[in-house]
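Here the chain labels run A, B, C and D in written order, and each chain numbers its own residues starting at 1.
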């Protein structure tokens, strides 16, 4: 197997991560930014899960090697391979990255919810969710406040 | 550290679990605060949770002083399988700092929320504050790389909304909080990517175990990139120049409770993790660590000190000024950390400790003055010295410490940094510290000039003296800045022990 | 016998997959919301039924087959309801069905809103 | 590389196709300017991701991604664009330069790192041969759960899961702090105005009948997922989300108002806090009974476990401990998701028209 095929998943991780980050930083729309951030976060999931895949393995739910399912799995594999990398005669994929990414997904949705809630409040306060228009509104407000203050002094 | 060894903190049955109770205490208090029937109860729960955490932190510090390292296996599983808390002198120092500031901040919150948060939402606010505290304490206690990410998020997620809640006073809190959320999440995600690379190379998540395996993996490119990801990811959280863009807005518009607490602890906890990873997880002898510190972190820290001090000079809003000053102070701390010597690390950590105290005091004083009057701009505070002398005096003491006036804590830590810079012959760093002290003189002088010598704006409401419930924590922090400038045995002992624990771990 | 059932199952699965592709093409190519919903619900009902039937034949009679039956029952319940809700929402928001040639042949009034309002 | 990895081929093709689909979807999301399209594409992205995760043997993660990514995230995103607007502004080329550079730096570092990452599917890589394998070997003796992911999630790394539950709780707090609990929708009703974004369909007979049929089944399924977590994919988190979906469906069909009277916002908020307390309380109980935090072997007071039936073969403490914390997770997740939904759905359109939020005293800087 060539280097490219054995590392194809990492290529996808790189593309997704760069794409997610680019969406997050390039757009001024707060909602779109949250979408980009969600893609960015899931790309880490692709990395971890790819690391945890074991060739010929099955989901980490214990099955008996002698059961029908167990035999069906190991019949496709080299016995030496099963003996070396299997646990009690069955090869499993690594459960640890699964647990970590489960946590990461939860963190992702939490961030999304809070971020969107703030975006909704931004819309209510500014009437827009575009970063450029928000900054312009802030500057206009500052300028107006200054004018009012200097006008007050003039009186 | 001997101070803590002799301290009788708690009964042994409690001390055995102090490491975990330190985190679980505020965490359960947060849930309880969310259940509280009204704001008063929630405040009492917040104070209780913070005091409990401080008590447990004292207990842990005592254990660390006696044994060197406290380890606590969650679920009773030995390290590579289970999650372990591993607190050494460095962790104990941060646990003490964070929980002490939290006690002061929670006392302050009894009054500060009045004008900022609607009564119906105050109990939620207190719950969020306690969660943030639990997350930061967890970061300083954990010995597991992924668990550090989880606590980083525990401390962050609620915080974003808490900062945005400052919109009651100023709507700019909303975009500032959103910006912080984006940057913070990108930082945390970069961090967890780095941890993923380390996991790919070592197969473990336990930091001590990881360190052992990384010692032979200096040439692994995934490990090297992992280091960059971890430092940059945490650097965003720590407001490392030039990744500090989120900080001024977030600190300037947050509710004053969050400004006090975050400015003193949040960036500090991220710096803690940088130190933890750079010097105890990665092989400190590895060329890529030393190069990254010498050629990227140190010059950026120096730039931060100068540029952000200059930016602070030109701000028109008081809290924004203090926020830029915070970024500059992070530069000092990282400068010390980047030196990689015991003296440098001691100086950096000591400055971190002192800066936490003085910045908390400064933000608290500003918050206290803004309790009665809606004051944002520097000129809004003119005449404060006459109408609110006690608050103003505390502000003055803390700002002297910020400037580095002799006999204050800020002077001592800057002096230690200069000594350390001379020790590694970084003459440019000495020059940077000298120049920036002058700049600090200018911007602090500007603040004090307006507040002390100018009379209040005609027609505006005069700033009123803060209530006694605010003056107590405020003066606790201000007096600490003076006390630790005169007798620095406690913070300096902690910083020295931390540096020794970090650099002598192998 | 078992072998034959297996191959019949394979055939049905393939047919189901084909219907799904046809449905997807319909969603892409059909002119308006209502016709597209129609195409999508072909995927949901026809495609899924054939797929599940095929899978059931392939796996033989065991516990998983019961699960497949339950899955099928739920798809039969939910996807028409979802299609209905979608069409209803589209109609409520003022989208008129595209009726093309029909209007010209019948020489009906060009007021599409009225013609569309068949229900 | 031949031998074991040759077995991967069919899987490798599916893996490749799904990953390419993810990339294509990501590009499409980057290009579209209509937010509704972007959100729906995001839902598709999550579903493809869930399928890919199944191919990668990560059944639990796939389940979570399907219910969270394609389900809850989409609901929350749709709720948000209802309250904001649906078209993004165009981006000028100049505005892309700085982000583009930052992205290129990150990409360069990733390419650098990827060279030394292990081959895909390598069973001998450090990641797969060390702690991960340890869990597979020891779960039977330590915990006795068939689903190793549940064992790791609930017991070995149970402290992470406590943190995760806390994160969810914090998100609920955050959304409630920002958007309230939907009390505005309730007060609107009292003033005789209905929030516009709730389709209380008096005439939607089909939907009402279907919903009445489905809601109990959804709740039943949530309980199945909850208690089946030991044996197969599932657990408190997925079950909590499914439970919340039942409530959301009720709100969509029968109106937010009716749902808020059935599941009061204050109750949801209290349950969310209670879940965290249950989880941490289980940990504290272990301390009280002489163990360390979250060590379920000490869940029962000394001597009680030995009297449970067949104690020699069953690890009752671990079994009940995981069940108890999963119950805590279920409570917090379900209640928080409901709170979040109330927050977004209860923000009526009138509120959007009024510039300034509810606790905005003044807004000049």
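Following the convention adopted for this analysis, a residue touches a chain if its C-beta (ideal position, glycine included) is under 8 Å from a C-beta of that chain, and two chains touch if they have at least 3 such contacts.
The model shown is predicted, which means the values in this text are computed figures rather than measured ones.
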**Q.** Interchain contact steps from chain A to chain C (minimum; 1 if touching)
**A.** 2
Q: Calculate how many whole Å lie between the centre of chain A and the centre of chain B, each centre taken as the average of the chain's C-alpha atoms.
A: 28
Q.
Taking the mean of the C-alpha atoms as each chain's centre, how many Å separate chain A from chain D?
A. 13
Q. What whole-number Å value describes the gap between the mean CA coordinates of chain B and chain C?
A. 58
Q) Mind pulling the chain D residues that touch 2 or more other chains? A) 106, 110, 114, 117-118, 125, 127-129, 131-132, 135, 157, 160, 163-164, 167, 170-171, 174-175, 178, 356-357, 360, 363, 365
**Q.** Residues of chain B touching at least two other chains
**A.** 146, 150, 153, 157-158, 160-161, 164, 167, 171-172, 199-200, 205
Q. Where in chain C do residues touch two or more other chains at once?
A. none
Q. What is the complete set of touching chain pairs?
A. A-B, A-D, B-D, C-D
Q: Please give the residue numbers of chain A that touch chain D in the complex, ascending.
A: 1, 5-32, 34-36, 38-39, 42, 45-46, 49-62, 76-78, 81, 84-85, 87, 91-103, 105-114, 116-121, 123-130, 132-133, 138, 141-142, 144-145
Q) For chain D, which residues are in contact with chain A within the complex? A) 1, 3-5, 7-8, 12, 15-16, 19-20, 22-23, 26-27, 29-30, 35, 38-39, 42, 45-46, 49, 52-53, 56-61, 64-65, 68-69, 72-73, 76-77, 79-81, 83-85, 88-89, 91, 95-96, 98-100, 102-104, 106-107, 110-111, 114, 117-125, 127-129, 131-133, 135-137, 139-140, 146-149, 152-153, 157, 160-161, 163-164, 167-168, 170-171, 174-175, 178-179, 231-233, 237, 340, 343-344, 347, 351-352, 354-357, 360, 363-365
**Q.** Touching residues (chain side chain B, partner chain D) in the complex
**A.** 17, 20, 24, 27-28, 30-32, 34-35, 72-77, 80-83, 117-118, 121, 124-125, 127-128, 131, 134-135, 138, 146-147, 150-151, 153-154, 157-158, 160-162, 164-165, 167-172, 190, 197, 199-205, 213, 220-226, 228-229, 374, 376
(Q) Applying the document's contact rule, which stretches of chain B touch chain A when the two form their complex? (A) 146, 150, 153, 157-158, 160-161, 164, 167, 171-172, 174-175, 177-178, 181-182, 185-186, 188-189, 192-193, 196, 199-200, 205, 459
Q. Given the complex with chain B, which residues does chain D contribute to the contact?
A. 106, 109-110, 112-118, 125-132, 134-135, 138, 142, 155-160, 162-164, 166-167, 169-171, 173-178, 269-270, 272-274, 276-277, 280-281, 283-284, 287, 291-298, 356-363, 365
